[in-house]
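Both complexes below contain subunit A, partnered by subunit B and then by subunit C.
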Partner chain A sequence: MSSSRCLRRISQLSLDRAGPSSIAPRCLLTLPQSSTFSTSAARNANPQGKKGSAAPPKRGTRTLNVKKGRKDAGKDAGKKPGPGERKAMRKRIVLSNNNALEVSGLKDLEKENALDGSTEGQMVGIHEDAVDVLRAVEAFKPSQGWSLFRRPATLMRKETTQLAQLLKQVEESEQSTTIRRVLVGEKLNGKSTLLLQGLMMASLREWTVISFPEAQELVNAHTEYAPLPGSNPTQYTQDAYTANLLSQFIKANNKLLLSSPLTTTPSLPHPLPPKPTVKQLADLGVANPEASWPVFTALWTELTQPGRPPILLALDGLSHIMQNSAYMSASTTPIHAHDLTLVRHFIDHLSGAKPLPNGGAVLAATCGSNSPTCEALDFSLQVAEARQGTPDKVPLWNQYKDVDARVMECMKDVEILRIRGLSKDEARVVMEYYAASGMLRARVDDGFVGEKWTLAGMGNIGELEKASVRLRVGAMGYR
Partner chain B sequence: MVFIFGVNFPEATLVKRSLETFYGIGPKVSQGIMARFHIFPYAKVGSLKNQQVLDLTAELSEMKIENDLRRQVQDNIRRLKDMGTYRGRRHAMGLPVRGQRTRTQITTARKLNRIERGGQGRVKM
Partner chain C sequence: MPPRLNVLTLPRSIPYRPKPRAQWSVPSVTRRLPSQSRLYSDQKDSPPSNADRSKRTDAQPLPSISEEAKATAEARNEDGPRTEQGTPVEEIVKGDKAAQEKLPKVMQDALKAKSSGNTPKGSRSYSTTTTPTTTGGLDMGLVDFGFAPKAPEVPGVKFGLPTLPIPKDAHVKHRYDAVVDQVTNLLMEHGRKSVAQRNMSLILQHLRTSPIPTINPSRPLIPGAPPPSHLPLNPILYLTLAIDSVAPLMRIRSQKGAAGGGMALQIPVPLGQRQRRRTAVQWILGAASKRRNMGSGKGGFAQRIAQELIAVVEGRSGVWDRRNGVHKMGVAARANIVLPRKR
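For the complex of A and B:
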């Protein structure tokens, strides 16, 4: 007999004591069932009554019920996710893990030491303001391991210092300098993270940052488009995307710039308030998506006026914009990505057709996992690499292959920044950080680092993270 | 609800899907129509501008779709039958028209080959 039933019997006993006192109180099981608050005991006592009333099933009725899903068909299958809820979950960025330890001695990257290379080979924290900016421009990707650590931190690797040197060169040069680089490297080698570091350094140095976080979203025809009036050949604007870009611009750029008054008087389809500021101009485009492209051009004109800060233009997933987009022209032919105004704007600056008057940098990262094949781009990157390394051995295009001439043209004198694997010293720094965060429970010594470095394909940082942190966390069922 | 070519569509319907409910419009034709008016493939009916809705309706009213198209197809079949051709007879009998075997596998012919081809009217969404 279960203990709960015992208790019930005892409680009945106390009720019944007032009645027939002749029955021995020791004999618990033979107590008569008299009035109690619960009737379930009495009902449970006679389970036979139910059985007798059930007749055998009639002929022809289905008695074997084995079809899947039948049971749940009538029932409510739980709350369905609302529109956009699943996507929001998929794209959610988690930047902290309360279970990870705080790493003592982790210093933030500051404005002063952002570009001077003194932090090379160290882990640095990302300052809260910079985190806000990077979040606004969607520089953090859901696939990256930010959610494993207490707070966002990043390794200042050799390539980061190279990039910092380039940005420093822009700041220090007398006349305006525009740095144009394509970040190339193997899959999981940290191209998007280097782009993030570039954005971080630029925003710390109070540059204007404009970023296209996913080039695919520009060309996959998920947002509306319209021909630009008076353009020949026809260009296409993307109003919803541009309005979103403007709102990201407002969130990502410093208050000083946004609150500064306009020095130009743009002619726009909608009126500006008197004595407008840069923010009010951008707000106009956010509020009126149909006017967002004229607003964007007006904003660009404003940002390139003398005395404005340098600009960092960044784009991730370059090969998506080096082919036909999924949009269709009026005659049902695919629109080349370069005919979209925003892409055109970026490509003009990447190719150097339009320089940045106040200096700045144009960075484009290729993607290792999500990139459509673009032979012209691959070839151009090979040529660019050969020009930098072995100028006497520049490859030639196979004449019998079709070529996307527009891609070749825009990529013809672009330079690349190749990202290779980490050195063992850098790998050691990262792994010590993992260990200090409590996410790697092992003694980080030369042997261990060497093993993981080798397993990670000679220091591929994504693989290193997989091999040392994610694997263990995954095995514990944490994810 | 948005009124396109005499039919009301809920705002959350894809434009592509709503166009393809009309007899005579399939994937290719709907793609062409949407490209002509610069409507992106994932556009919902609710997000169309008034002008685009009017344009679509005007475009559809110039096309031979729905009952006009049905009538044309049925007239073609009826003509064959009235002339007493083999094809006309096969249509009338609901059998394959183009020399296929009839021993097995003629369900599609049974379904489609008839004088009143294309049904009576618009299938409601």
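For the complex of A and C:
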């Protein structure tokens, strides 16, 4: 250390008594000013001796606890899992059970027979490629019973055939047709599964598939948000969510589409490589979440160019996006879900404000177990159902009640697809599949099927599964 | 409809052991009993008119007194009243066009109303009785079980006698497996049985999806146990096997003051089957609650219990040591048993 620097240090120390301790041993001036015969300074510095650590005792160690009524406190002394482990465990999707028997004669749904209705009333296996797509778009839910069987299979029920016919109609019409449907039905009736089947059929037919697996995640303010510059009224983008959606898009859509070159030249905040492909465009959004919304709009423009395949837009849990979101605006008023750009994008297509130029389908499923009350939505669905069934008896809104006008407006002319219970024939097919998988130990005959069909509330498939394969005794209807 | 799945052939051969199990048997899960569902009564050939819409016999209007008397007499094989006399005029002119034209206008109108099927003026516009909705209405799944109504063999019994012996699980209170019932009740906390039932279901589901257990030869399961490859496909059997294998044969009762010197005398007391199972389940629950909870949400405890059950079958659980300790103590204290003196 040079002498000039040393002097500077000393002059600084004189100004600041609490100087850096690293140079303390080298400078005489920094020694504590205390008498060597006194121990009070050292004692005051650490009055409790070594014991002073204020942290609570480690979990699982025995401590003296003399309070009364604490007998059972040490009963559950298992160590807690690390951060993130619990959620991973809860959200884990298992699609195979090695103990289950292989069902002979179970055929996969193929591209050729996906939409022709020849498999109605049969169990069909889900092809491995389709399984990958459905996994990527999180169409499998942890509460569904996929983990019990050898490999994923699904029943082509009556409603599935109806949906297949709608998709077929899109493919066969010369002009672009957009199918817009809300899937409604009772709790555990298979709405999410029907959505899954729609995604499966669309991906087999090489449609472009974009899915919002849980509408709740769009609005519960667990991801970041920012106002969209230049929007009036202010809209909000969700960059992290959009980037995740783009990465799901890359995983879920076929290689042919992804490797095709861009036909438009989007202006983006980040440069694209020369001769960009669709995948490179989407990758840009994944890599730069702050640019994910411009990338998404550019991608959408690209996908709606003439000659591109039809698009399936799907969303599960519709009522979450039909109310105020948990986000707050700068003036601390709640943001309506329709002011979020992604939700706006979906709602525009569901309401028919923006059609799909190459045709396609917009499907939204309601949820029976996790859905906030939304009277405007319920009413709109009632009206839609009445319009399809009894057009002379369309209900009227109670004029003395407040109404969410935006919801009423967007659900004005949407159609519904109601899912009812299985017929007994369908129930029998499903139960024969259960028995053939070794998961149901009973002879499947008319009496047995009728009994379970009745117990399951006239063929509610979720209840049927609970009563037969899940060995759930008693208390039907509770989870 | 295209052919359904073939359920009669299994893709994997299952070894079948016809040897009867001497010590331990598991009751079959299914039962075969002709269901004694009560069918709706048969329809009449055709109702006389639309005037009375009720299909129930007791709700229909009675015939005229003379007709009733005639029917009674016929059933008794006697001479009844002659119905030509005292019969309503409408019945006499029935099918006779010429006679009908000569009737008074009131009766002609009534006849017309009857033939055109309109409801008579005097009747209510609404029904005061319920109408069975077998046709076109809701199908509750109760009627079409496909059993032909049989003629009663025993007089006075409408639906025949039940086949004897009545299976054990035909009783409404004993319809589920005994072990499942007992474990469900032991799982229950604060009287919340539905939660316990859900946990039971999750336990069985976990057993069914877990890999085939490897049996530790030093911790043999009870004799007559099926091979481990059969267990995951029959989770109730798996559960029963795990519980019965570690169930202690006796408990140790401490008799105060019997040993002298302030010592308690250890006396082994045999346990019944239900008591043995109860002890085993409580040990297993205690061990499971000390396990580490891996996930979050509703199924955590069920998962730990299932893991403990698998550990029991694989011989890794500490419950075995506990049982062996009790048995050892029982053997050591067997001299303390006072048997009734032989005469």
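We adopt the following convention: the second predicted complex is superposed on the first by the 391 of 479 C-alpha atoms of A that agree within 3 Å, B and C clash if a C-alpha of one lies under 4 Å from a C-alpha of the other, contacts with A are read in each partner's own complex, and residues count from 1 in each chain.
Please note the rule applied: contacts are C-beta pairs under 8 Å (C-beta built on N, C-alpha and C of every residue); 3 or more make two chains touch, one makes a residue touch a chain.
Fair warning: this is a prediction, and the values are worked out from it, not measured in the lab.
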item	value
Dominant toucher of subunit A (residue count), subunit B or subunit C	C
Partner chain in contact with A:Lys424 - subunit B first, subunit C second, else both or neither	second
Touched partner set for A:Val103, first subunit B, second subunit C, both or neither	second
Which superposed partner A:Pro395 touches (first subunit B, second subunit C, both, neither)	neither
Partner chain(s) touched by A:Ala435 [first = subunit B, second = subunit C, both, neither]	second
First (subunit B), second (subunit C), both or neither touched by A:Pro261	neither
Overlap of subunit C and subunit B interfaces on subunit A (superposed complexes)	none
Contact footprint of subunit A on subunit C as seen in their complex	1-2, 4-7, 9-12, 29-30, 32, 35, 138-142, 144-146, 176, 180, 184, 193-194, 197-198, 200-201, 204-205, 208-212, 232-236, 289-297, 304
Subunit A contact footprint on subunit B (complex, rising order)	31-32, 34-36, 38-43, 47
Sites on subunit A touched by subunit B in the complex	221-227, 236, 326-332
Sites on subunit A touched by subunit C in the complex	75-81, 85-87, 89-90, 94, 97-106, 118-119, 121-123, 147-148, 424-425, 428-429, 432-433, 435-436, 438-439, 441-444, 446-447, 450-451, 453-454, 458, 466, 470-475, 478-479
